[in-house]
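What follows is a group of structures, each given as structure tokens.
Okay, so chain A shows up in both of these, paired with chain B first and chain C after.
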Partner chain A sequence: MSISLSRPRALAFSLPAIIAILPFMGACFYIFRFSISAEKGVIDGYSIQAYIDLMTPFFGRSVWLTLKLAFVATVIAMMLAVPLAFLLTSLKSPLARRCLTVTILLPLILNLLVQAYGWILLLGPSGVLNSTLKALGIIERPIFLLFNETGVLLGLIQTSLPLAVFPIVSSVRGLSQEHLEAASSLGASHWRTFVDVTVPLLRPGLVGAASIVFAFNASAFAIPLLLGGRRVQMMGVAIRDMISPLFNWSGAAAAGMILITLTLIVLVFSSWLVRVTSEKVRG
Partner chain B sequence: MRVGLLPTEGKSTYRFMVLFLATIGILISSLPVIVVTIMSFSGSDNTGFPPPELSLRWYWDVVAMFTQEDANSAQSVVDSTVTSLLVAFIVMVISTMVCIPLAYALARGDRRIREGMELLFTLPLVFPLVILGIAFLLIAESLRLDIGIWRIVIPHVALVLPFVLRNCIGAMNGISVETEEAAISLGASPLRAIWDVVIPLMRAGILAGLIFALIISFNEFTITFFMYTIDVSTLPIWMYSRTVSSLDPSTLALSVFIIVADIVLIVLVDKLIAGRANLF
Partner chain C sequence: MMKKAETHPKKWWATIMEEPNMTKNLSRRHLLATSAGLATTLAMPSLVRAQPLAGKELRLLTWSDNTGLAILDHIAKPFEERTGARVIADRTGSTSEMVAKLRAAGDRPQYDVITLAGVGAVELAGDGLLAQPDLNMLPNLADVDPRFRTGADGHGIGYLLWTGGLIYNTKTFQEPPTSYAQMWDEAHKNRLFLPPSTWTDALDTIFATGKMIGGDGTNSAEAFAKLAELRNNILTFGENPAQLSELFRSDALDIGGVYAPAFYAAELNDPANSNMGATYDVDEGFFADLMYTITPKAKPGDDEVVHAFIDFTLDAEVQGIMAEAVLNGPVNQKAVMSDAAKASPFIIKPEQMGDKAIVHDKSFIAEVREDWINQYNQTLS
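Entry: the complex of A and B
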């Protein structure tokens, strides 16, 4: 005798969750429908005017800035995440491991406002960094790190780091010990093992983590809003401005569709990259 | 001989670089939270560093904010906190109630359906929050329904589903069909076997999911930023409206309460799933 789930029962079990996610799917469809509406304020008729109106130098700069910041933040986050994952998996004491897990995970969960306060206190004109540098006599006047790209970049790296570390930790756990031992017993140095063995073996995990981090950073809203001020117009903030002072709903929907498309392209491209490279490694 | 990714002996540049970059990562992760905590104990009125003296005055301010009526603010901190907790509680209950049966159906059902459903329920995780916020706002505005607190609950449920489902599926993976069959062969009905055998075994994963839903909803800012109204607003929105012009130290003291609560809950989740599943 085995327990086979009958089709009606499986459906009955899945139905509540499907109802719960229905508003989300509705929202995805709604934003698409609004972006091709002929009217700016209501859904009426079909037109691609909203997309054409977006072809301005201002919006182009916003797209470029978004891609640039998201890319740089992703590269730096990955450079920090790999050593962190190595450290996390090689810690012996459960207490140390738990402390490190909480430290890394907290920025993803904690209220983004609190973290923005932290960066403001750290980087502000009379903040920790400027006061320390001034006390040490390194600088005379405060350096401005807030409300420009540097501040936003640091905030993005911090909040997206957990999304990079934990997938890498699971791929590091799955790393075969034999390969590392073989490399080591054949006399390879640590660097050589890292470049020639560890990274190729981790590549699917690395690419997957990097693409999620990129998507997360490209669609960031709270961090550029709070740390970038009006000067760093990433797409999330630009979309908000279309709604809040301008009431250009269809324009905001169209800009949103462009943002979704950009992140989807990155996600699809990276999964294709993983497939191609892993076939090559196996072949 | 075990070859670690982090060599334990010697002074190689490799080991130095790994530890150096990991330290920078830890600093970037933790410094903002540490600075907020230090500055909340400052005795001065501004947020200059270093604090000239240490005091607990801003903590007393927070206590006063919660205990005394504030006549000159439209939305009091007490109302926002109550709303935040109520939203987080409803989100927690709904998302877990719908994810337990789904996790069961996916674990025991068709493999292809399972992969599709897992993908569908991961989508809210990678979907840009700002667009989700705008989409929900557009729908709420065009339907013109007065649904009160539910205008925040519904988007939050969608947002936490990926986290809760992952934990529930992780819990189901460890439960063999044989346990259930044993209960049925002893005379239990299939539903009773689920209720009395499977669900108690899933307990750790379910609890982890519950806590995850609670903290994510309680800390959510972006979607709520679009959905709040004068009557329905959460604590993060209250903090934002208070600090939009300048940062005052009592908000930092309030932040420390939130930080401590979050850390306690994360440690609890980490203990519950204890290496059996991935955090997300």
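Entry: the complex of A and C
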């Protein structure tokens, strides 16, 4: 039995959420307006100078670094999330399911500072890993896994994993067992079934999860600051530096608009890719 | 004709009063009331003196780190107890953020008093956002070293000296390092930290590098070229002092600067466990930035409580307590400090502000700040 709402009724129920979103939309509008302000510190006049000032090799590197780290973190998070999602849906014991759910949610629950300290204790130059490897004689000098891109990547994967797992769980729960049984009965191996049946059926969930994770990682600010040692200038950090101490509000707004645009382009492209490949599969 | 009883003194006295029982009650009541009234009258000046600003509020903006916490514990709270005024404190990460907040508020600031670094005071004074405190309402100013009384064209009142030098690992260095040049030693590769670009300490680092290579500190082009050599040697920028402390404790850092020992009062007292030491005795000199208290022009509070608070920050005892708590240099020449604090190499006293102390020309720093910060980011990120 399905529950459907008429459009007016759906709108009425959504009204509080729409009202809550409106200030955010207003803020986005003001950010856009600030980005085309002729003054750096106030909204006054019109100019695209803020965008032109960003066309520097330094900012270009920041954009590239942001997209690269967000993309790599997303791919790895998805690769880790899919088996976790299957595991979560296959657990029969409610207690086991709850324990695993809490474990997956921990990065969202725990304070980021605490997580950063955990990483330092584990992977820092004098952390558990380096101390163990040195004691075993495998290394002489510590391996630098923190305060660089590697550290930021680890942090991004850890914090975005929960955002990847749960949308995929919903998709896995929606998988039709009949399709899988049909493939098996026709002689397909587990791997063939997974690649040719399971993944295409999961594709909308996978793309949805990847979109959320990519957007989350692209706008990351705290993780690059804590685990990058301020050496990894992702756009979130660059935007923050423009505001304080440089008070370049129009520049920061312009950088923010560029980040939003790039993220939207990636999301729209991935949606188009899903649609095209889905049509190919159906065709 | 008076009755005989009325002529007897006692009786005469008794006849003036009413019935004996009533007389006793009234006199007890009267005595109690009179005593209470007298006591209240005598106590009133003390009560008024004890809570002269009762009912008034002061909105303070200060730092979110341990220095800001010390202000709340050793200045704001005692001020409330002494005056009855209520201090509502807000805390934020850096002087830059304070400047941004005040600029954003324009002519409707939320705060009455702000403690911040000198360069911030100069910028805000230049924006026309600050009031000039009435020096006649600051009697403690008379005890302040004349060099540190006011600044930012009279808009800032000297508060404490923020000093920066080298922080080093006491396991690595048997003797304190004597030059910023030791940061370039290859032995410290990947065990070096520098201050983040958002802090004024970064500007000090550029200045120190310029002096180290033989200039006067304003030779920034050469300084940046020299700093670029450290790009692959840096482990981290010290955005989070607690994180740096952990890295020293776990023996992951050797040296760094320019950075303020003020963050590490507890650690510097326990080098055996913290592995942390600090020194101002550096060939190129140490950095001293006079911090100010400022008050916005259109502040919400009233002048009396604002001036009382600013004057309280200059109190000799308060200055001594703050100096010990956060290792900032006191500006009050009569600051009351313990013998240990007086002997501490981490607390710079006004009389130590000789040739080795580098005190920036705030106008120069305000001019080059944006450019230097951008170049610092691009050179070292």
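In this section, the second predicted complex is superposed on the first by the 250 of 283 C-alpha atoms of A that agree within 3 Å, B and C clash if a C-alpha of one lies under 4 Å from a C-alpha of the other, contacts with A are read in each partner's own complex, and residues count from 1 in each chain.
To be clear about the criterion, a contact is a pair of C-beta atoms (placed from the backbone, for glycine too) under 8 Å apart; a residue touches a chain by one contact, two chains touch by 3 or more.
This one's a predicted model, so the numbers in the text were calculated from it and none came from an experiment.
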Just from the overlay, do chain B and chain C fit on chain A, or is there a clash? clash
For A:I120, select first, second, both or neither according to whether it touches chain B, chain C, the two together, or no partner. both
Touch check for A:F144: first (chain B), second (chain C), both, or neither? second
When both partners are placed on the shared chain, which of chain B and chain C touches more of chain A: B
Have a look at where A:I168 lands relative to chain B and chain C in the superposition and call it first, second, both or neither. neither
Touched partner set for A:I239, first chain B, second chain C, both or neither: first
Just checking: does A:A73 make contact with chain B only, chain C only, both, or neither of them? Give me first, second, both or neither. neither
Between chain B (first) and chain C (second), which does A:C28 come into contact with in this model arrangement: first, second, both, or neither? first
So, A:I43: does it touch chain B (first), chain C (second), both, or neither? first
Per the contact definition in the header, classify A:L201: touching chain B only (first), chain C only (second), both, or neither. neither
In chain A, both chain B and chain C touch residues 117, 120-121, 124, 126-127, 243
List of chain A residues in touch with chain B within their complex: 1-5, 9-10, 12-14, 16-17, 19-21, 23-24, 26-28, 30-31, 34, 42-43, 79-84, 86-87, 89-90, 98, 100-107, 109-115, 117-122, 124, 126-128, 131-132, 154, 157-158, 161-162, 165-166, 169-170, 172, 175, 177, 180-181, 183-184, 189-191, 194, 198, 212, 215-216, 218-219, 221-222, 236, 239-240, 243, 249, 252-253, 256, 259-260, 263, 267
As the complex stands, chain C meets chain A at residues 93-97, 99-100, 103, 190-191, 196-198, 234-237, 239-240, 243, 246-247, 250-252, 369-370, 373-374, 377-378, 380-381
Contact set on chain B toward chain A in their complex: 1-7, 12-15, 17-22, 24-26, 28-36, 39, 46-50, 94-95, 97-99, 101-102, 104-106, 108-110, 113, 117, 120-121, 123-124, 126-139, 142, 154-155, 157-158, 161, 165, 177, 180-181, 184-185, 190, 215-216, 219, 221-222, 225, 236, 239-240, 243, 247, 251-252, 255, 258-259, 262-263, 266-267, 270-271, 278-280
Where on chain A is chain C touching in the complex? 41, 58, 116-117, 120-121, 124-127, 142, 144, 147, 225-226, 229-233, 241, 243-247
